[in-house]
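Okay, handing you the structure first.
In this document, chain identifiers A, B, C and D correspond to the written order of the chains, with residue numbering beginning at 1 in each.
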Amino acid sequence: MSAAPSSDGPTPDREHALFLLREMLRIRRFEEKAAEMYSLQKIHGFLHLYIGEEATGVGAMQAFTPEDAIVATYREHGHAIARGMPATVLMAEMFGKATGCSHGHGGSMHFFDKARRFYGGYAIVGGGLPIAVGLALAEKLQKHSGVTACYFGDGAVAEGEFHEALNLAALWKLPVVFLCENNLYAMGTALARHQAQTDISAKAAPYGLASSAVDGMDVLAVEAAAKQAAAFVRAGNGPYLLELRTYRFRAHSMADPDLYRTKEEIEEWKKRDPLALFDARLRAWGLLEDAERARLEAEVTAEIEEAVRFAEAGPWEPVENLLADVRGPVKS
Amino acid sequence: MAEFRMPQLGADMSAGKLLRWRKQPGEPVQRGDIIADVETDKADIEVEVFVTGMIEKFLVQPGEKVPIGTVMAFIREEGKPAVEAPPVFPVAPAPAAPSAIFPPAAAPAARAIPAAAPMEPRRLHISPVARKAAADLGIDPATVQGTGPAGRITLEDIQRAAQARAVQPAPEAAPDRQTRLRQVIAAAMARSKREIPHYYLSATMDVSRALAWLAQENLQRSVEDRLVYGVLLLKAVALALREVPELNGFWREGRGAPSADVHIGVAISLRGGGLVAPALHHTDRQSLGELMKNFRDLVQRARAGSLRSSELSDPTFTVTSLGEQGVECVFGIIYPPQVALAGFGKIVERPWSAEGQIVSRPLLTATLSGDHRVSDGHRGGLFLAAIDRLLQEPEKL
Amino acid sequence: MTKMTYREAVRAALRKALRSDPRVFLMGEDVGRYGGAFAVSHGLLAEFGPERIRDTPLSESTFVGAGIGAALGGMRPIVEIMTVNFSFLAMDQILNNAATLRHMSGGQLNVPLVVRMATGGGRQMAAQHSNSLEGWYAHIPGIQVLAPATVADAYGMLLGALREADPVFIFEHATLYPLEGEVDESAEPLEITRAAVRRSGGDVTLIAYGGSLGKALQAAERLAQAGIEAEVLDLRALRPLDIPAIVASVAKTHRAVVVDEAWRTGSLAAEISAQIMEKAFDDLDAPVARVCSAEVPMPYAKHLETAALPKVEEIVRAAQELVPRHG
Amino acid sequence: MSKDEIRATVLRALGQIAPEADLSQLNPTRRLRDQLDIDSMDLLNFVIALHKELHVEIPEADYPKLATLQGCVDYLAGLSGRP
């Protein structure tokens, strides 16, 4: 399967297009505010920003319904926002507050939302893949129609669990859409320096999976490819591996001096900033004017400011609850 | 005016060194522009600004290392009126470590370091349960020979020592046995006088009815089953203890601990000197015949040195009787950890007024030594009165 | 009551669970067509079909992770890892996901998963197939760890584990599978946090679990002939440890010997000894003794393996050293 | 039974209740209570021992007659005449 075409194609529906733009802008501004809060010591520990990859998170998420299950990684802010989790509880979680989506227990790498079937971020590279296989197995055994979307990075393809998970999903024909966000770097190691075969979508065939790759900077192309993959899986054809070729504009994490790549390379990719690309195409289609864009910017900025206020105001979980939630309530 | 502070650039970073500014005061900046390079212990990092405006003033010069949060520059935000730069306050020290952000965790209660026990002359090699038993039995562990590994004193050693208080004419040479017994008695008596605030009461009782009943009773009994007078006293005391229960029990951990059971310790003098007070278990529940049989057996075993440890450590009250040695009135010392002791003297024929007449009656003086921490004279008096009343109806004992 | 072996008891419990709860399914290496490496699941594939008795590829991390995912997705999976020796490949899924998700998600997610594995040495399988590492699992908050030592417990504790809302790990000592015993298949699932006194006595407490219980009981019989009455305490649960039961027994006997097939350093026996020192110090008449495996990779040769494993004579000798010489 | 045999029996009984005493030094006419440390329990055991050895019933009323060694021997000799 070759890369999906990213030519202009037909003009998209205006309302949906503006929705996609707004979602990507919300993620961008959320991540910028997170970086600011981190430098002001409001957020501690690890923080992995999604800036540059917004199109893969938002585009692919359109292929999944509330009944589907989502499994993500530690670079999950974009996935959580695209899945519908409010910016308030995410910011509060990174502030470590009890009002955070994981009550301050998880932090930036471990957002969870049972109601939205967002089964969280996993900080062990590849750790989420077996979980996704299990969720899909449960759907199949219970004769449910749900599909499981499993996001992971190019680094995970080097883990044994990637190979075990693809094989088991294909062996048992499980409804999983493996979404590999290939941003070309596993922290400080470029793809070509850790994989003999760098075409990730080509790794599916040996395990009997259908697969394809798409330009991760084109939100419409990503959406189309993801919907095609999800339809394939929903039809009971077994799992699908979709490679989303993208790039991160920021370092791996706040503590990363980013010495392993050149400024020129980053600037080159920034020319295909998914937000800027889509903004320009919408204007070209006459679907977006300055006033509309400015209103969008103001609304998103206000939403993010409100998220910070919500996080600041949130209470700390009392230390007395330290041992709560280790195991369930003792049965009567 | 917006402050540009030294940012947090890594999980374990506490300070950063400014390498150089990328802009100069008066230059405009956009949100996201790189305006400085900072050196951390990991690497040199480009630092972005989060506001759009114009650089007003630098407060930190290249080459200076400053803690995170230090204000390094002022930026007049675009669209905000030029305002006199706020007076520069000495930079507040970087917010204290996390505890400033998190509510101060309850300071761990200062661990009360137990005052080091006064160093015993030589650290006793004794097991914990043996140490506790020694304290309960009022035995000084230093006097006990340890038979455990490497000479450690075990529980059994302490129990044997307690039994040794009833020193058996064991093959051990008499003087040695004698001195060790004396030491044990000395330790118990000294502790009793030191710790227990004794009060003493005495009462004289007409025992004519009891003696008459006893003589009559013994006529019907074979020689082996004959009762001695002391048995009547023991049963009377046991029943009286039921009426004044606080006299029956122990003093433990700073408070009285009455015992549900009545085990009267009977003071038995040993041949060649020394004293032991083993218990007659459940004295109050035994018939006079049973009491007599058990009492005889107890005396014989005490004098043969084969008492059981439980008999030595169990008495809840002690009775001493020195009548046969001619003593009329004896005020005894309480055996710790017990809380009372009764004493009986010689039966003496004496004038006594009955129904306004002076008659001759066999009289007995009964005494009570009580631990004032647990009971007081008023209750002690009721106890002696109960004994007197019970002895008037010997057939009911 | 029916007479059956330990493996038949586990099979009976699996069958009862599979029949009574459609969410229950069994997954593991060779549990289906082969009938289980220790023949525990023999016949279940024919009765319940390949959907609910699932042979897996040799991908421990992923099929244990899939068990966790399926539990999150509404099932009640029973995952069999052939032996504890292969479980280290899945330790990341067990520790970082199974044990952690409830807390890390702020109480939203729970993982109702039962994992069974054979454990222990004594059958000349050599180092890589003879490990006893229940103690590693008993270290982890968030999971429960069981060691059924009797046929009745093999049946009742599995059913008890299936009622839990959080992960439970059951270790079945490989030498116990042929053990014969009585099972009441109509009985309620057993309580799974309390220890059981298998033999009462007043002179010394022998604390054991799983494959070591038999050795402790044999030692108790020999001690009785030497006039020492040993109390034998079967832990049944390794997390949480039944500390009150341990303390109560030591308070009675004043002496304790802990029998644990793991290596002595950092073992469960070390934890039990520390708990006794902390909670029953004033009742101790002698230091707590431990009888564990020698600190060596389990040798193949029979005489060496026997020398390495805890032995009845060692338990008897340890107890005798604690109890003061009689007569 | 001759007086000497009775005397030996009495001394044996006394030996049971006062093992440490040197009976050869006993003054036959002085009160036993003044020479040996014996109380009412010892006296009862002494009477029981005599009862077992000599099969005699000694009523409590006769206890005063047993006050001295000589008294014992004379009293018991008087009794043993009876069947």
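Remarks
Quick note on the criterion: contacts are C-beta pairs under 8 Å (C-beta built on N, C-alpha and C of every residue); 3 or more make two chains touch, one makes a residue touch a chain.
Remember, it's a predicted structure, so these values are computed and weren't measured experimentally.
In the assembly without chain A, touching between the remaining chains still links all of them into one piece. With A-C and A-B as the two chain pairs, more C-beta contacts join A-C.
Centrality annotation: C (chain centre taken as mean Cα position, compared with the mean over all protein Cα atoms).
Relative to chain D, the chain whose mean Cα position lies farthest away is A.
A straight line joining the Cα centres of chain B and chain C is 40 Å long.
Distance between chain centres (mean CA atoms), chain A to chain B: 63 Å.
Centre-to-centre separation of chain A and chain D, using mean CA positions: 111 Å. Taken together, the chains touch in the following pairs: A-B, A-C, B-C, B-D. Per the touch definition, chain B reaches chain C in the complex via residues 127-132, 147-149, 152, 154-156.
Those residues of chain B lying in contact with chain D across their complex are 169, 215, 218-219, 223-224, 226, 228-230, 269, 271-272, 295-296, 299-300, 324-325. On chain A, the positions that touch chain C within their shared complex are 69, 100-106, 110, 112-114, 119-120, 122-124, 127, 129-139, 141-142, 160-161, 164-165, 167-168, 171-172, 324-328, 331.
Within the complex formed with chain A, the chain C residues making contact are 25, 51-52, 54, 56-57, 59, 61-75, 77, 92-93, 96-97, 101-110, 141-142, 144, 163-166.
Considering their complex, residues 5, 7-13, 31-32, 42-45, 48, 50, 68-69, 95, 98, 101-103, 105-106 of chain B touch chain A.
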